[in-house]
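Below you'll find a set of structures to go through.
Each of the two complexes below includes chain A, the first together with chain B, the second together with chain C.
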Partner chain A sequence: MEQTIFYILAAVAVIATILAIGEKHPVHAILYLVTSLFSMAVIFYLLAAPLVAAFEVILYAGAIMVLFLFVIMMLDLGHPEQGLSPHWREWLPALLLSAVSIASLAAVIVSRHAASPFSAPPGLAIREVARRLFQEHGLAVELISLQLLFALVGALYLGKQPKKGNSK
Partner chain B sequence: MTASPVVDIALFAAKLGMVFFVILTLAAYLVFAERRLLARIQDRRGPNRVGPAGLLQPLADLIKLLTKEDFIPAAADRWLFLLAPAMAAVPAILTFAVIPFGAPVTIAGHEVPLLIVDLNVGLLFFLALSSIAVYGVAIGGWASNSKYSLLGGIRGLAQLISYELSMGLSLVPVVMLARSFSLTAIVDAQRAIPFIVYQPLAFIIFLISITAECKRIPFDIPEAEGELVAGFHTEYSGMRFGLFFVGEYINIIVLGGLAATFFLGGWHGPFLPPLVWFTLKTLAFAFFFIWTRGTLPRLRYDQLMHLGWKVLTPLALLNILVTGWWLALTS
Partner chain C sequence: MIVPLEHILILAGLLFFLGMGGLLAWRANLIMMLVCIEVMLNAVMLVFVGGSARWGNADGQLFAIFIMALTSSEVSLALAMVVYLHRRKRTVDTDVFSEMKG
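Presenting the complex of A and B:
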């Protein structure tokens, strides 16, 4: 039962991601990507990681993708679906890089084929995750949050309007 | 428990059906109650012709909405236009899955918990669904391909993201006090004293945020009639408009139920049965929403953003800090 659900969700995730890449209209692409993230979240839930599943939806589908959508809706893009396809010189590096990553994925799968593809680990309690994160890796968490703060201050500085007196 | 799975599944299906039926009926009658109460506030009578005291009005509205033409504008993004109302209504009703609406009851030797599913990340499940609900408004406004709808959609998007933040932050002290994300555990932690006593500030922030989350006056700028015709659902007609509309009222019920669960002790209460207490508390919030609609004027867009980002969010953060200190000192 769980295995069937997993394969359905995995197929949805892969197909939606491919469609998100192939779709020329950015709003449609975002919705395909949200579909993909959503099925990934349910896969995490099946893997007994409900916390990761919830964060996948809250952060990726609910916050980052919404901000993308917001920016795209604010910009007047006209008819991007009638635009030209990118030149082969532009997509060749992307193709090469993705070939490398797919090859490494295939290598990992082949080398670990003995392991069962679906073995649910025991559920990880939220308390345990929190303890690991903030006791063992507390410094790293703080450093990352400081970095985000730097980025925020930087964005604020870049976006700041010059004072009215010396703007023109 | 040595119960046969067939009976358990049947009981679960019955529970699921009951919840759907009760919520949809309640949403329909909430529309009616709002019209009558608003009329009373404005010294009018309100709908009182269909059935005794107008009680069959929701049925008449349903028939009207179902028989109206389902119009799709020529320049609309067809599929997304058709999909958006469902994207707005489904997350609202899904959220109810984690709300415990009564004490566990025993039916024919089977203990039936009165909630659909007890997730250990129940609170995060609610936050996840409320962040997904944004898409219905945004896509509905964008796919209509009309200026009013687009403006309403963008406003809705900005408003929902902003107030989601203060809503989430106002719930952190609740989790700190209950020491769990599970809604059942949160309700159990309030058996003696509801959290509103410890956390009045968090309660007020949460109440303001959920009013903004269900786009009610004074936070109804995504659909402000005076400036945007009807905002993101300007181009919708028939049952698709009805779905947006009912979704909003389901949202009111669900968010009212959540406010009761987080701050008023859920189904706990003296004398009356748990189910009655939960219903009363939820409907009290629904009444509060209707009352504010009849009383307050609409905020301007910049005032709305100011309130969300510069008042509610810092206050919620401060509240978390103080709660943390207090817990550290008393434990």
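Presenting the complex of A and C:
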């Protein structure tokens, strides 16, 4: 049952990502990407990581994608479906490189022994995850908080309106 | 562990290379480049969570959460820079920003 759900969700994620990167309009691309992120969140939940699944929905789909939508709608890009979209000649090297990379990945995986399910290790409780996070990676948590603060200050500085008469 | 680790790696590799191909194809549009970077980072998170489920170790989930924090700060800075550049040249075309002083 869970295997079937995993494969369905994997197909949904891949198809939504293909539609997202092939879409000319950025808002439509973001909405396709939100679909992909929701299916990825359920995959994370199936892989016994409910905390990451919740953060994926709350932070990725809820905050980052909405930030993208705000910026795209604020910028007033005119008619983005007419300009800026890649010509078919620009897709060729990208498709070639992706095909070579995917083929090499497939070759590596096929050359290994056949995949087989194995006995599951016991699932991780959130208590265990939180203990590891705050006891052994406390310094990383502090660094992440500093990094978020720096990003906040930098975004405030970059988004500041220029003074009148000073701007070109 | 519901599916073998190889299948998770295949899914993550497909998503990563899709993001990479999109990044190469959309190299004229700043916003779509950022979207494709999101796809690639999401695939990396899937690898971390899959490894965490395979070996029963919590560190993979922690690194997925760290990647999420890194992504949020990166996206906020990059979008602020997109707004700044759009205010200067009224476009998000990367070919326009080909000079250091303008």
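Convention: the second predicted complex is superposed on the first by the 119 of 168 C-alpha atoms of A that agree within 3 Å, B and C clash if a C-alpha of one lies under 4 Å from a C-alpha of the other, contacts with A are read in each partner's own complex, and residues count from 1 in each chain.
As a working rule, a contact is a pair of C-beta atoms (placed from the backbone, for glycine too) under 8 Å apart; a residue touches a chain by one contact, two chains touch by 3 or more.
Bear in mind the structure is a predicted one, so any value in this text is a computation, not a measurement.
Trainee: Between chain B (first) and chain C (second), which, if any, makes contact with A:31: first, second, both or neither?
Mentor: The answer is first: A:31 touches chain B but not chain C.
Trainee: Contact-wise, after the overlay, does A:73 reach chain B, chain C, both or neither (first, second, both, neither)?
Mentor: first
Trainee: Is the number of chain A residues in contact higher for chain B or for chain C?
Mentor: Comparing touch counts on chain A for chain B and chain C gives C.
Trainee: First (chain B), second (chain C), both or neither: which does A:63 touch?
Mentor: both
Trainee: With both complexes superposed on chain A, which partner does A:142 reach: first (chain B), second (chain C), both or neither?
Mentor: So A:142 meets neither chain B nor chain C here.
Trainee: Quick check on the superposed pair: does A:54 touch chain B, chain C, both, or neither? Answer first, second, both or neither.
Mentor: first
Trainee: Tell me the contact category for A:40 with respect to chain B and chain C: first, second, both or neither.
Mentor: second
Trainee: Identify the residues of chain A that lie in both the chain B contact region and the chain C contact region.
Mentor: Residues 51, 55, 63, 67, 74 of chain A touch both chain B and chain C.
Trainee: Could you pull out which chain C residues touch chain A in their complex?
Mentor: Interface residues on the chain C side: 1-11, 13-15, 17-29, 31-32, 34-36, 38-39, 42, 45-46, 49-50, 52-56, 58-59, 61-62, 64-66, 68-77, 79-84, 86-88, 92-93.
Trainee: Which residues of chain A touch chain B in the complex?
Mentor: Residue positions touching the partner: 27-28, 31, 34, 38, 41, 50-51, 53-55, 57-58, 61-63, 66-67, 69-70, 73-74, 125-126.
Trainee: Which part of chain A faces chain C closely enough to touch in the complex?
Mentor: 2-3, 6-7, 10, 13-14, 17-18, 20-21, 26, 29-30, 33, 36-37, 40, 43-44, 46-49, 51-52, 55-56, 59-60, 63-64, 67-68, 71-72, 74-75, 77, 80, 83-86, 90-91, 93-95, 97-98, 101-102, 105-106, 109, 112, 115-118, 120-124, 128-129, 132-133, 137, 140, 144, 147-148, 150-152, 154-155, 158-159, 162, 168
Trainee: How about chain B: which of its residues touch chain A in the complex?
Mentor: Contact set of chain B toward chain A: 77, 80, 119-121, 124-125, 127-129, 131-132, 134-135, 138-139, 142, 150, 153-154, 157-158, 161, 164, 181.
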